[in-house]
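Two complexes come next, and they have one chain in common, subunit A, joined by subunit B in the first and subunit C in the second.
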Partner chain A sequence: MSYSNIIFLKDVKSEFRTRVSFNTQLLFTITTLSIILFAVGNESISIPTTISFYWIVSIFAAMSGLSRVFVKEEERGTFLFLFQLASSQSVFIGKLLFNAIFTILVNFFILILFSLFIDTFSANLFFILVMILGSIGIASVSTIVAAIISKVNSSTTLYTVLSFPILIPLLMTLIQASQLSIEGAFFSEMRGHFSFMIGYNISLILISLYLITYLWSE
Partner chain B sequence: MKIYSLLADKISKTFNSQKIFKNVSFNAFVGNSIAITGSNGSGKSTLLKILLKYIHPSKGDVKYFCDNKEIESQIIYQNISFVAPYFNLYEEFTALENIELAIKLKSKYISNDLINDELNRFSLFNHSKKEVGHYSSGMKQRLKYCIANILKSDFIFIDEPTSNLDDEGKKIVFDFLKEIQSTSCLIYATNEKDELQFANEIVDLSLLNLN
Partner chain C sequence: MRIIKYTTIFLITIQIVLGISFPLVAKPEHFWQFPIVIGLEEKIRNVIFHVPTAWTATIAFTMSLVYGFLYLQKKDFNYELKSIASAELGFLFCILATVTGAIWAKFNWGSFWNWDPRQTSIFILLMIYSAYFVLRSSISEKVKRARISSVYSILAGVTVPFFIFILPRITSGLHPGSKGDTEGAGPIVQFKMAPNMLTLFFIGLIGFTLLYFWIFNLRYRLLVLENKNESEE
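Now for the complex of A and B:
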């Protein structure tokens, strides 16, 4: 078993026992969706508004929980234990894997809730693909920013401030691609968006793998 | 058999323009043990963390060697173990789960019998399936020693060896310190006089000239 898988399974087991991130994101999703439904009432919402709501819920759910995987190692004082057991890159890949799978699952949950409660929202295969690529992008940004801010005291504030500028290009593409997919666009119309998202994710992961070795020690 | 050694070369550390220590140099190798001592605030723990490559020195360098060939910094974790009261094990995991995690990540193949023997030695066998969060601070410290002894790393770093331990725990740790010297390079930071008996060499940070 690769070292990254061991780190991934450790985080899964830890999350299963403590359920901190899962409960936070679940509660955040339900709360924000309830607020949207109360505000909208019986009125029909346009597709662009629905898409905006979807990614607002998704991004803020991610922001509320994803930093935990790195920050909690520092907060709970376990970082020095991990430091003597594994390389920086194995830990990063393990935690990225955890965040990516976790974000995809949370996004599926949001997608189900939106499909049930919002009439104009009808997810198709392209939307699911956009959602998966977007989740990987959000998880990649969250993981490296969490690694950067994990050694700082006021980490939560810094986390949002640092993540947002890196996420802007991804968010713009996600919103455009989501709208196109729900409006029933063909693959040829969305090829550029998919290429951008794949390129964004690969570049970000490669840069992060390089950066993490410098962030590993103080 | 491979020969492991460590070179601390003129290490200096400054925090906010205040010199903590300056030009600390020594050689360590498997079979010898070094005690770092000094008054409170002299930088014992900081020096240990620099040797671990967890903190960068302001000046100087730490190099690890295997058969006189330098080991890359990124893979040095494979050869080190660290025991200190100020870091935690995973409290939501049992002692056995923490041990298994360490063994897997260090790619060691260790039988269950050996693990049980070590748990027995550190008086933890009856608590091995209990979550570490329910342990006392002394039990947590003994578990860290137990993991270090199971892994038998080439370099073992210990900060405040008998911190949080009762008399029985201290006796177990003293036996461990005597024993581990033959297979590992032991470097520990302490202020306790009776712990200095295990060192071949003493580095006293209080005696360093900071000017």
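Now for the complex of A and C:
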């Protein structure tokens, strides 16, 4: 497990060198947000609509960036090297850590843009908590599905097909919880949603750690 | 096998014939009369057909998951064949449950699809297994296909309890056992059916379960033969 942080730092370094993924996601966010703003104009939109815009932008930004974490290694030919260095669990944890932090950062950026340009959107502490839990969930689903994809010689369309059904339960809770938080709900109303998200994240990460050895054993 | 076959035919015949032919009366006096439930009337008969299909789909998907897990552990290819046979059957019964449920929803709730939490869960379930079959068809190598599709089915299987048992409890819905249900929300729905109907309901459950095992066995044997043929060629 001690190698996870090395793999994490390696990814951070290689990302800092080119900044391709991060810049792509920022531009993607700006593009989609401007499309939304062109359509909306000066009208004020309801909270459910704002929330759905938010998660559409967030999900598709994540999907465009995170699907390639392992395919990238395969293309560079560094995939086998990683396994010389560390166990598959460590590789997975390192990649997951990178993806989760990356998704949270991108989500903060989306949050700032939305707060600036959309009047009905006012983020509070609960919303940020929901967003962080959601980002971790999205990152963990993305990482394991990306690991599956790296073993299938296929395009990224399969990635969307595979990750969407697994994400739906989380997405439904995220949408409800973020709507509740923006409407100013109390913690007691949202306790169910929070425990759902925490339980979902933990069980997904644990099962991924169990499955990853089978996935990469050849 | 023969005993399963004949018991299945016997039980399902009883279920269909009696389920359709027993009259609904206001005050049942004989064992062959069902009581009228206000708001459900003749539509109540669907419970004898709809619930067993959903139940069988659950059994089939669980079995598929268990066989997928066993395949990963033991690397025995027969488990993979059992897993796929069960997943196919589960998909079939899942479609049946969706269709019977949608028809019933049209006449009781007003439209074929209402995005009730349970309808959403069955939609997700269909999506998961559609993705599973797409994934399988995109890998041509047999052993690799078995391994990766087992991994995916276990991964997806972990999320199933979340939307089957938990999500309907934190959102309100139209099915019994949802949040806001006056009878109380919980995974165990109280059966408030008349005794004779309840008996018929359980006959249906047992009949459909046996039907699953019967078809499963046939499909598995067929897959074994196909697999043998392929390796000989």
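Assume the second predicted complex is superposed on the first by the 215 of 218 C-alpha atoms of A that agree within 3 Å, B and C clash if a C-alpha of one lies under 4 Å from a C-alpha of the other, contacts with A are read in each partner's own complex, and residues count from 1 in each chain.
Assume contacts are C-beta pairs under 8 Å (C-beta built on N, C-alpha and C of every residue); 3 or more make two chains touch, one makes a residue touch a chain.
Worth saying up front: this structure is predicted, and the values here are computed from it rather than measured.
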First, second, both or neither for A:A86, with subunit B first and subunit C second: first
Touched partner set for A:S203, first subunit B, second subunit C, both or neither: second
Touching partner for A:S150 - first (subunit B), second (subunit C), both, neither: neither
Partner chain(s) touched by A:T78 [first = subunit B, second = subunit C, both, neither]: first
Contacts of A:P169 with subunit B and subunit C, given as first, second, both or neither: second
Partner chain in contact with A:S178 - subunit B first, subunit C second, else both or neither: neither
Which superposed partner A:G192 touches (first subunit B, second subunit C, both, neither): second
Subunit B versus subunit C as contact partner of A:Y3, first or second or both or neither: first
Subunit B and subunit C contact sites that coincide on subunit A, given as residue numbers: none
Subunit A residues touching subunit B - in the complex, by the definition given at the top: 1, 3, 6-7, 10, 13-14, 17-18, 76-81, 83-90, 213, 217-218
Subunit A contact footprint on subunit C (complex, rising order): 72, 120, 124, 127-128, 130-131, 134-135, 138-139, 144, 147-148, 150-152, 154-156, 158-159, 162-163, 166-167, 169-171
Interface residues, subunit B side, partner subunit A - complex: 49, 52-56, 74-75, 77, 80-82, 84, 86-93, 97, 101-102, 104-106
Complex contact set, residues of subunit A against subunit C: 144, 148, 151-152, 154, 158, 161-162, 164-166, 168-169, 172-173, 176, 192-193, 196, 199-200, 203-204, 207-208, 211, 214-215
